[in-house]
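Labels for the chains are A, B, C, D, E and F, by order of writing; each one numbers its residues from 1.
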Amino acid sequence: MKNIDRIIEIALQEDIGSGDITTDAVVDENLGGKGIAVAKENLVVAGVDVAERVFRLLNPGIEFKAYHQDGEDISSGERIFAVAGDLRTLLTGERVALNFLQHLSGVATQVRSFLNLIDDNRIRLVDTRKTTPGLRVLEKYAVRMGGACNHRMGLYDGVLIKDNHIAVSGGIKAAVEKARERVSHLVKIEVEVTTLSEVREALDAGADVIMLDNMDAAMIRECVSTIGGRAPVEVSGTVTREKLKSLAECGVDIISSGALTHSARSVDISMTISLLE
Amino acid sequence: MKNIDRIIEIALQEDIGSGDITTDAVVDENLGGKGIAVAKENLVVAGVDVAERVFRLLNPGIEFKAYHQDGEDISSGERIFAVAGDLRTLLTGERVALNFLQHLSGVATQVRSFLNLIDDNRIRLVDTRKTTPGLRVLEKYAVRMGGACNHRMGLYDGVLIKDNHIAVSGGIKAAVEKARERVSHLVKIEVEVTTLSEVREALDAGADVIMLDNMDAAMIRECVSTIGGRAPVEVSGTVTREKLKSLAECGVDIISSGALTHSARSVDISMTISLLE
Amino acid sequence: MKNIDRIIEIALQEDIGSGDITTDAVVDENLGGKGIAVAKENLVVAGVDVAERVFRLLNPGIEFKAYHQDGEDISSGERIFAVAGDLRTLLTGERVALNFLQHLSGVATQVRSFLNLIDDNRIRLVDTRKTTPGLRVLEKYAVRMGGACNHRMGLYDGVLIKDNHIAVSGGIKAAVEKARERVSHLVKIEVEVTTLSEVREALDAGADVIMLDNMDAAMIRECVSTIGGRAPVEVSGTVTREKLKSLAECGVDIISSGALTHSARSVDISMTISLLE
Amino acid sequence: MKNIDRIIEIALQEDIGSGDITTDAVVDENLGGKGIAVAKENLVVAGVDVAERVFRLLNPGIEFKAYHQDGEDISSGERIFAVAGDLRTLLTGERVALNFLQHLSGVATQVRSFLNLIDDNRIRLVDTRKTTPGLRVLEKYAVRMGGACNHRMGLYDGVLIKDNHIAVSGGIKAAVEKARERVSHLVKIEVEVTTLSEVREALDAGADVIMLDNMDAAMIRECVSTIGGRAPVEVSGTVTREKLKSLAECGVDIISSGALTHSARSVDISMTISLLE
Amino acid sequence: MKNIDRIIEIALQEDIGSGDITTDAVVDENLGGKGIAVAKENLVVAGVDVAERVFRLLNPGIEFKAYHQDGEDISSGERIFAVAGDLRTLLTGERVALNFLQHLSGVATQVRSFLNLIDDNRIRLVDTRKTTPGLRVLEKYAVRMGGACNHRMGLYDGVLIKDNHIAVSGGIKAAVEKARERVSHLVKIEVEVTTLSEVREALDAGADVIMLDNMDAAMIRECVSTIGGRAPVEVSGTVTREKLKSLAECGVDIISSGALTHSARSVDISMTISLLE
Amino acid sequence: MKNIDRIIEIALQEDIGSGDITTDAVVDENLGGKGIAVAKENLVVAGVDVAERVFRLLNPGIEFKAYHQDGEDISSGERIFAVAGDLRTLLTGERVALNFLQHLSGVATQVRSFLNLIDDNRIRLVDTRKTTPGLRVLEKYAVRMGGACNHRMGLYDGVLIKDNHIAVSGGIKAAVEKARERVSHLVKIEVEVTTLSEVREALDAGADVIMLDNMDAAMIRECVSTIGGRAPVEVSGTVTREKLKSLAECGVDIISSGALTHSARSVDISMTISLLE
C-alpha cells in the first residue's frame, strides 16, 4: 500500500494545499458525519480500497464500510460504500476519493465491455504501458478487476523488442541474442513484427512471444498460420471496440489495447454527506 | 517547473523501475539518435514542454526542437517535435513523453471542441476539481491551452459552499458569514444552489458568485432573471456536449464541466526513432 | 496535519541527527517520565497541538494533556501542557517542542498586542508574506490565534499587483485586465498604489481592493475619501506599533503588517521533566 | 548546499504553490529584468548566497552579482546584490529571497551588537539550540557571520548533561561516567550546574566543560574561582543585552545566548525590479 | 542515474550531516586540488562512474578522468581515476566515493574469482536477492561487471515459487497454475524443489525453470537426468568456493550464490589529495 | 526510528517494486501465518528490532516475539524471533528482514571475535567511517552490540586532521589552531601522524587525540613513549585479525578498524513460514 499512499498523498496535497478554506470556515470542529457513495450509472467498480485509504490518510479514525468488492458489477442507484467519522474530513476528502474511484471504475467498466465483445476465454486481453502518468499500478489493478490481464508493468519486467529497437540494433536476430545474454533467465523476450519475413526471423531467433503490430485480419491469419503454435501470438495497434470481435477470430492468443487505460471515461458516482446526530 | 518535475519523475520511475532491460541489452551505449513525434489525427497540442522535460530529466544533454506551441491546432501527419541525442535515452523516454503529450493534448482538443459548440465569447467555459489524481496542475494548464479558463485550483484558493456544506452548517446565510469572517479578503465566495429560494438566500447573504446545480434550461433562465446581474452565474452538473449549446443560450456567465478533464480520451501521436549517423 | 508533520520532522531531524547522545548514554531505556511546560511570562499561546505532535512523531505512545487552548491568554507561572511516557522521548523532544511553541506563541502574543492598540473591531488586521521560510502555514495560524486575519497564503491564492508589476507591465489598467482574463473567477484583484492618480486608475480598472503603500496619515485620508467606499482599502508599509493607532483612525478597512510574523520575539516557556515512579 | 536547497525549496513551494498567478497573468513571458537589493537600515549582512540560490533554483540561467560578502557591515542605502535574467523569475522569487536575507542578516546584526557590548575577545559568545525550526544550519551560519561561535549543532555532536538529565539519572557522577563510556572519544562532556556543590561534583566527575545556569554575578564569580581553570566555564540563561557586560566581567570563558537566534528581528531590505531593455 | 543519485545522496548525507567541520575549518575556500585513486591490491574494478557521481553531486564543476572501465582487471599500484577541482570538495567526498568503489569492486572481484573456479562458459553464474539493503541495483551491476549474470532484480520481475510458498498454497501444481493465470505473459515461472518427486511435479506443472535447493552432487545429477532438458536447471543453497567446481560438473545450467553479494569483502583502494598550484 | 525507517523503506521498495508477483498469485488473501527465524551457525545477534520493523512497515498488525536481545551470543539451531500475522506479509517481507539481520549480526559477530583476540578491556576497539553506504547508523549500532565503541559518526561530530588535510593546509600547528577557532567547544581535535616529528608537532599544537597511522609495532611503542600520556593514542591502518594482539600490546588506548564494518560476511539465518490454522 506504500506505493499507493504516495500517489494518494500527492492527490490530497494538490487538492487541499494550504487548507480546505470552505470547510474549515463553514463547518464547526469535532462534528460527526456520514457519507454514502452511490453509483449513478451501471458500472464495474474498482478502487474501493483506495477511496477508503484517502479518508484514512486524512484521519486514521474514520470508519469505512464497503457494500461491494472491486470487480463487481453495480447497477445505477446502488450504494458502493459508507464512510463515517469527523465531518470535516468527509467533506475535505470527498472529491479526491471520488476522483480515484470514478477513474478506476471507468477503466474496469471499459475492460469488462471489451471482454464481453471478445467473448472467448481462450484469448487473453491485456493492457499496455499507455497508462496515465503516476497511475500505472492502479490502472493495471483496475484492468485486472475488469477481468483482463496485465502486460509487463514497465520497461523492467519483460523484454519487448519494438520496431525502433530493431531499426537501430542490427536486426531481430542480433537483438534477441543480446537480450537473452543480458537479462535474467526469468524474463521472456517478445518481438514486435510488421511483416511475414519478420515473423520468420523472430521465430528463428527464438523469440518467446510474437507481437503482430497494426496488421489487418487477413495478414494476422497468415502470420498465425506461419507461426503454427511455436510461440504465443499477440496483436496490437489501435485496437478499437469495432475491430475487437474480428481480431478475436483470427486465432491469436493475446490482444493488447492501450485504450483500456488511456481513453476510458470516468463513470458517475456521487456522495451525499450528512450530520451524524 | 519543480512541481511538474516531480510528477514526471514519478512517471519515469514507474515505467523504468530498475532499468529498461530491452534498450540496455539491445542498443549499444553512446550511439546518437533522433526521434520525430507526429500527430496521427487532428488535435490541439498541449504538453510539448512536458515532453521535452521528460527527455531532459533522463539526460540533460538532449536537444529538443518544437514545431508547434501548446494551444495550436495540428493536422494529422504534421510533426510536433524532434528530439536528438543519446539513442538509449530516446528509446527509454519515448513512452512516458508520449503518455503526457497524448493525454494533455486530448484534454486541450476536447476543450476546443466544447468552445466551438458554445461559440459565444461572453461565456467563460471552466474546468472543475474532477481531474486525474496527480495531474491537476497539468490538466488545468491543458484546459487553458484549449482556450477555456480555470475554476479554482483546489480547496485552498476559492470558497465554494456546496449542498453538503449547507446541509451541515445551518444554512446559506450562516455559511457565507462564517466564510467571510475567516478567509482572506482576496478570496471570493460562491454558493451552489438548487432552488429559486436558495438563489434568493445566497443573494441576500452577499454571495460573490451563484452556481446553479443540475437545473434544466427553464429553471436556469428563471434563476438568471431573478439574479438580475447582482452576481455572476455559473451552471454546473453533467454538462454534456449535447446540452452545451442550450445552456449557453440561458444567459449564464460561466459554464463548468468536469468532462473536460475526467473523460477526455488520449489523442494519437507516434514517434519514430532512428540512428544518427 | 500532513504539511505540519513535514516541518516537524525536519526540525527533529536537524536537532537529533544521528542520535541524542546525551540522553541515550545517560538515561536508561524504558523508564517513564513526566514533563510540565510552564509559561515564564504573560503570553497568548499558539502551537500546543504542534508541541503534542512533536512528541507523538517521536513516539506514538506518548500521553499529552493541554491545560489551555491556542488563542488563550496565559499568565506567567501557569501550566500550558503536561506530557507523559517514555522518559528518553521527553528529553529528546523537549527543545524542538518548545522551539515551536515559543515561536508561535511569540507571534500570537505580538498580534494580540497590536489588536489592543488598534482597539477597533471594524478594522481587519492582517499578516503578509514576510514569514519565516518553512513556517508560513504555522505562522499564519498563529496570527489567527492572536485574533487577526490572514492576507493571501501565497502567490497562488490572490492577485496583488505591486509597484514592480506595474512598472513592467504597461500600467495598472492593462495589468488588471490581464489578471481578470487569466485567473479564476473566485480570486479578487488588489492593486498597490502610491499616488492619488494611481488610486483613480485602480478604481477605473475595477480593482477589487486598493492597497495604499507607505503613505502618511494625511495622504491616506485623502485616498480613502477619493475611493469613497467603491473598494475596500488596505494600508501597508512598515506598520510600527507607534503608528498603529493613527493609521486605524484614517478610515481604512484593512491594516497589514509584516512585523507580526518576521519580528516577533520568542516568549519564555520552560519544561521540567521528572521520573515517573 | 544540498541541505540548504531543501529548505529553500520548501520556502518556494509554500509561497508559489500552484503558481504565481499575478506575475503569470500580468507579465509577458520571456522578458528580461533586473533587480537591485538595497539595505534600508545599517546591518551586518548574511545570506547573500542563499538569496542567489533562491533565484537559481527557480531558473538556473539567472545572473547574480554580490556587492558585499556575508559578515560585512552595510550602511542604509547601500546595494547588497543585483540579479538579472528572466523577469518573471525575479518577480516570483523576490519575496522568498528577501525573507531569507532579512532574517539571517537580522541574526548577524544582533550577534554583532552583542559582541560589541561584550568587547572582550577572550570570551567566546555562542548560540544555543533555541533556533527557528528548519533553519538551524542557516541561523548557526549567520551567528558565525556576525562574529560569534557555535555551540553544538544538535543533540548528536556534543554531550550536555542538563538539570533534567541529572534529576533522572542518579546524579552528575553517574551521568558523566555513562556518557564517557558510550560516546565517541572525540566528543566532550559538558555539565550544567546550579549550585557550588554541583560545580564540585562536575569537576570530580571529570566534566570537560562546566555550564553555570541562571546564576547572578556574585555566584558566577564564586564558581569561576572554585573551578580555578580546571575546565572552561560557560554561563547561560536568559542572557539579555543589559546583563552582557557584567557577565563578561565575571571571568567566564563562554557566554551562550538563545536570543541571538530566537528573538532577532528581521532587518529591512528592499528590492526594485525593472525591465531590461 | 536517478535511482543511484538517491543512494549517493543518502551516503553523503549520513557522512557529512551538518558539515565537514575538519575541512571547513582547516582548508581555505576556493583552493584547487587533485586526487588520485590507486589500487592497493589486485582487483576487478566496479563503480568508477559512481565515484565520479559522488564528487559531481557535491560540486558539478569537478573534473574526473577514469584510467580504467568497470569490469577491467587492475593490478596493485595502478591508478583508477583522477579527480580535480575545488579542494574542499575532494576532501569531503573522498571517503564516500571510496566506500562505494571499494565495496562494488569487492563484489566484482569475488564474482570474477568464482567464475575462474567454474571455468565453464556454458554455465550461467547468477546472484540472488541476498544483497545489502539499499544497494540492490549497484551490487547487481557489480555482479555483471565481474562477468556473471543477474537473477531476477526483485519480487516483481520473475516468479520463484519457494518451499514456503508451496507449503502454504496447496502444492506445486496449484501454485504454478495460479501464477500462470495471474502474471504477465512475459514472466517465467521457476519452482524450487528439494526431492525428486517435486522435480516431477514441477515438470508436470509446466515450470519454466527448476531450482534444486541444497542438494548434494549425486542428488543433483539424478535430478538433472530426470529433467532431461525439459527445463533449465538452477542449483542454489550455500554455494561455497569449495563446492563450486563439483557443482559445475553436475550438468546444471545455472548456479546461484548469495555470497557473491552478501559476503564479499571490500578491496583496498586509497586516494592521495594534493594542492593544485 | 525515523532514520531507520527510511533505509528499511528503500530496501522494501527495491525488493518489492510494483509487487511480489509470486506471493500475490500463489497465496490467497487474508490467510494467517507464522514464521520462525533460526540461527544456522553460532553468532552475535544484531538487528532484531530492524527485522521487526520490516514486517511492521509492511503491515502494522503483525505480531513479533524476540527470543534474544541484540548483543547476545546465539548458538546454531537456536530460534531468534517468531513473527505471526498476515501470511502474504510474512512471505513478502522475509528476505529484506533477513538481509538486515544477517548483515548486522555479521558485523556484531566479527566485532566480538576481534575483542576476544585483543582480550584487554583497557583498550577501546572502535570502528571507522568505512561503512556500507546508507547503513552507517545501523552498522555503528551493530559495532556497539558486538561490544566495541564508535569513532565519530561522520564528518560533522569530530575533527580528524588527516595526512591530506595537513598536506594542503600549512602543517599540523596551523590546522589545529584553525580548527580550535572554528568548531564548537564540545568537539575534540584528533591528528593523524606518520612520523615521530609529527607526533611532537601534534602534541605542541595541543591535539586532543593522536592517531598513529600504519606504523609497525616498534614505531608505535616509540610514539607511545614520546607521548607519555599527554594525549590518548589511537592506532589505525589495515588492522587485521593477525596484527590485533601485537597492536594491543603496544600500549595504545584505542584501536580502530575499518574491517569491522566493510568486510564482515553475512551470517547464516533462515526462516520457516507455515500456515496458521
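Note that contacts are C-beta pairs under 8 Å (C-beta built on N, C-alpha and C of every residue); 3 or more make two chains touch, one makes a residue touch a chain.
As the structure is a computational prediction, the values presented were derived from the model and not from experiment.
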Chains touching both subunit D and subunit E: A, B, C, F
Contact-richer chain pair (by C-beta pairs counted) among A-B and A-C: A-B
Chain whose average C-alpha position is farthest from subunit E's own: C
Copies subunit F and subunit E - interface residue numbers shared by over half, same or different: same
Repeat of interface D-E, chosen from B-D, A-E or B-C - more than half of residue-number contact pairs shared: B-D
Separation of mean Cα positions, subunit D and subunit C [Å, integer]: 21
Chain centre separation in whole Å, for subunit E relative to subunit C (CA means): 52
Centre distance in Å when subunit D and subunit F are each reduced to the mean of their C-alpha atoms: 33
Geometric centre distance via CA averages, subunit F-subunit C, whole Å: 45
Two or more partner chains touched - positions in subunit C: 14, 17-19, 136-137, 153-154, 156-160, 182-183, 187
Graph class of chain-chain contacts, one of line, ring, star, complete, other: complete
List of subunit A residues in touch with subunit D within their complex: 14, 17-18
Contacting residues of subunit A [partner subunit F, same complex]: 2-3, 136-137, 153-154, 156-157
Contacting residues of subunit F [partner subunit A, same complex]: 9, 12-13, 17-19, 57
Contacting residues of subunit C [partner subunit B, same complex]: 124, 126, 149-153, 156-160, 182-188, 190, 208-209, 232, 234, 254
Touching residues (chain side subunit C, partner subunit D) in the complex: 6-8, 10-11, 14-28, 31, 33, 87, 91-92, 94-96, 98-100, 102-103, 106, 129-137, 153-162, 164-165, 167-169, 175, 178-179, 181-183, 187, 238, 258-259, 262-263, 265-266, 268, 271-275
